[in-house]
Amino acid sequence: MEPILTIQGLKKQYSAGTWGLNGIELTVQPGEFIAVIGPSGAGKSTLLRCMNRLIEPTEGSVTFLGEDVVHANKRQLRSIRARMGMIFQHYNLVYRSSVLENVLHGRLGYIGSLAGMLGRYPEADKEEAIALLQKVGLENEVYKRADELSGGQKQRVGVCRALAQKPSLILADEPIASLDPKSSKTVMDAIHTNCREQEIACLVNLHQVDYAKAYATRIVGIKAGRVVFDGPVEQLTSDITQYLYEGQEHEMFHKAAI
Amino acid sequence: MAVRKIPIAHKATQRQQRMLGISSLLLLGISLYCADLDMKQIAAGMERLPAIGRQLAQLSFTNGGELLRELVTSIVVAFLSVILGVVAALFLAFLVAANTTPNRLFGRVLNAVFVIIRTIPTTIWVLLAVASMGFGPMAGVLGLMFPTVSYLIRTFASQIEEAGGETIEAIRSVGGTWWHVIAKGLLPTLLTAFMATTAFRFEISVAESVILGMVGAGGIGSLLQGYISYYQFADLSLGILMVFFTMFLLEMGTVQIRKRMGRQN
Amino acid sequence: MLKLTVIPGGAQARRKRRAKQWAAAAALLLLTVLSLVYIRFDAAEFILGIPTFLRFLFSDFLPPDPANLQGYIKPVADTFIYAVIATFCSSVLGVCLALLMARTTTPHPLVRTVLRGLISFLRNIPFLAWASLLVVIFGVGTTAGLIALIVFGCGFLARLYAESIEELDQDSMEALESCGATYGQRIKHAIIPQFLPAFYSWTLFMFEINIRASAVLGLVGAGGIGALIKQTMDLFQYGKTSMVIAIMVAMILLVELMTSRIRRRLI
């Protein structure tokens, strides 16, 4: 099967000498649900942001659906980004806009620049956005302002925004790191179910190894900017997690002890 | 075929935005209707603009010495008004601040007086001072003192009110008098904050002082006004540049001071 | 924020600090003395001048002369009208400039640097100097005053707006970028909604400043209520001057009351 995303030799250098990423190799197949685990500072977040060039990689190649992401021009990049949804740790909503508007932002990559600026979304897009919100249990919040919602609700709006893009791939950067256990489960379920049903491949950065094991079909372990583990959930032994979080075990236990 | 559009915005936010938009446009419309804007005057001015711009561009240094001397006068006037102002304000602020005033009613009345003083623009105070004392820098110092003192009082008083609470109680509880509270408790505590405020006010006072000459209080403003009335634009541009650099350096200076104060706290 | 100052370090550090404080105080004193000499400050004349000034204020100026009140209506109305027009124009121009010069929204760092220099120049030339120059260009009257208000207000607002924009949460900009939104779309949907409260607040502030400024404009021949102050003073009709000043104070306080009301109701 043709992979959705191929990453080869991806490097990111921050200030002289500090490498955020140090030669990442990764291939994502359609419909996969991949959890990226590793201690904080390992480069998980940088990796995700290099895939849609929110951060410019220093070296290496990223290929998304056969297109070269690293050398894409402005227009190509816009179309690539439109087909890659992203979910953020801090939800990144526009809090003074309505919930529905926030979901519709996911459609901006598909409509003309001016129409987008004027907020002229096609009626079909609006209907689908409302349907998405209903599906994650936010049917009563459609016209609320985003700052009126609770954390878990905000993240569900973030999930809907990513889904509204009708993406082939969703990048989720620590989607549940700021949430309580109950909301965490709701949000992870929302991401998981929708990705399954619509056959969207998904890369989720996670702190929590137990969540990774519960949802992922494949796990990628990252340490110091390199992939140190890549395999199905069953192969992730406690020795490997031990090695991943070496010196930072407190992080793993603290976060995992839910 | 009429398809009902699905609304997307948050209703109350949108309503408020619309109301503000419509009422401000309405206000603008009325204003434009009532204003007797003379388009011919504007057009004539625009025609004159390039010529004056060219003249301004011919920087002349012939009056540099005179300009520099008067610029220093302006700064000195601002400096003295701030120094004298701080002395007066330090005393008065403790009378006005709600938690240190000896008498609530007295504090309020005093405060109201200073609100009115503050509302009258500096230029008018200087105009009044000039009318009574005659032209010259001393009138400038006197005129500038009114807004300076009232500004400092307001800011000092709110700083005292903010910081007061515990310090005042602590000193009162061991039997300290009003003077003890102020001299031993509040002044040392608030010294850095007061100094930052004063530095900031100095910047404003210089900005005001350079224009005071335009209404007859000495300083670089009177030279600038003279150059403008006699169409000496080449000299004017040097004066404007000098004022600009002074203000720029001052701004940098006060930013530095505030940064340092911030670090200390 | 403010606690009793605890000086860190031992006795030596404390002594060093003390010495520094004394040096600063001495320098300040020296500077003051030099300043007094520089402008040939005559302490006796100054101190005697104060009672003269107060007598002048209370006997010549007060009470205000209420004659010919309807003659003041037009200048007061003019002040409002020009403040409205100036605020509107400078806020529109100011927003455009601010978006171009805020670190987070500028299309190119060079644009930011150039604009910042220009705005800093506009802002640091005193307002009255602008007004006076514009009176020469556009002739005596309210037109010059209006243009001065717009030029100055534009620089003033651009800086304040730009600072507010830079303080905004960048997260939603990032999110919209990740959706493939264009520059214009990001500005419209991520920046504008968040920026609006600051925008309203600063624009109202600008309106207050414009009302105050128009009192000064008249002094250099640029119309408004200030022209009345100069006129009456030149004719030694001090009672009328104080009436005009009283009207002006009332107007400014009223506008402040109004704007603070509006501010409180913003959501």
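First chain written, first letter: the chains are A, B and C, and each begins at residue 1.
The criterion applied here is as follows: a residue touches a chain if its C-beta (ideal position, glycine included) is under 8 Å from a C-beta of that chain, and two chains touch if they have at least 3 such contacts.
Because the structure is predicted, anything quoted here is derived from the model rather than measured.
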- [ ] Averaging each chain's C-alpha atoms to get its centre, pick out the one most distant from subunit C.
- [x] A
Task: Pair joined by more contacting C-beta pairs (A-B or B-C) - done: B-C
Task: Cα-centroid distance, subunit A relative to subunit C, in whole angstrom - done: 47
Open item on the list: Taking the mean of the CA coordinates per chain, how far is subunit A from subunit B in Å?
Closed with: 50
TODO: Compute the distance, rounded to whole Å, between the mean C-alpha positions of subunit B and subunit C.
DONE: 7
Task: Junction residues of subunit A, two or more chains touched - done: 96-97, 101, 119
Task: Per-residue multi-chain contacts in subunit B, two or more chains - done: 13
Task: Junction residues of subunit C - those touching two or more other chains - done: 196
Open item on the list: Which stretch or stretches of subunit A touch subunit B in the complex?
Closed with: 96-98, 100-101, 104, 119, 121, 123, 126-127, 130, 143-145
- [ ] Show which residues of subunit B lie in contact with subunit A when the two form their complex.
- [x] 3, 5-11, 13
Open item on the list: For a test of understanding, state which residues of subunit A touch subunit C in their complex under the given definition.
Closed with: 52, 54, 77-82, 84-86, 88, 90-97, 101, 105-106, 108-110, 113-114, 116-117, 119, 158, 161, 165, 171
Task: Partner subunit C, residues of subunit B touching it in the complex - done: 12-13, 16-17, 20, 24, 27-28, 31-32, 34-38, 41-42, 44-45, 48-49, 52, 72-73, 76-77, 79-80, 83, 115-116, 119-121, 123-124, 127-129, 131-133, 137-138, 141-142, 159, 162-163, 167, 185, 188-193, 207-208, 210-211, 214-215, 218, 221, 224-225, 228-229, 231, 236, 240, 243-244, 247-248, 251, 265
Task: subunit C - residues contacting subunit A, complex - done: 169, 171-172, 174-182, 184-185, 187-190, 193-194, 196-197
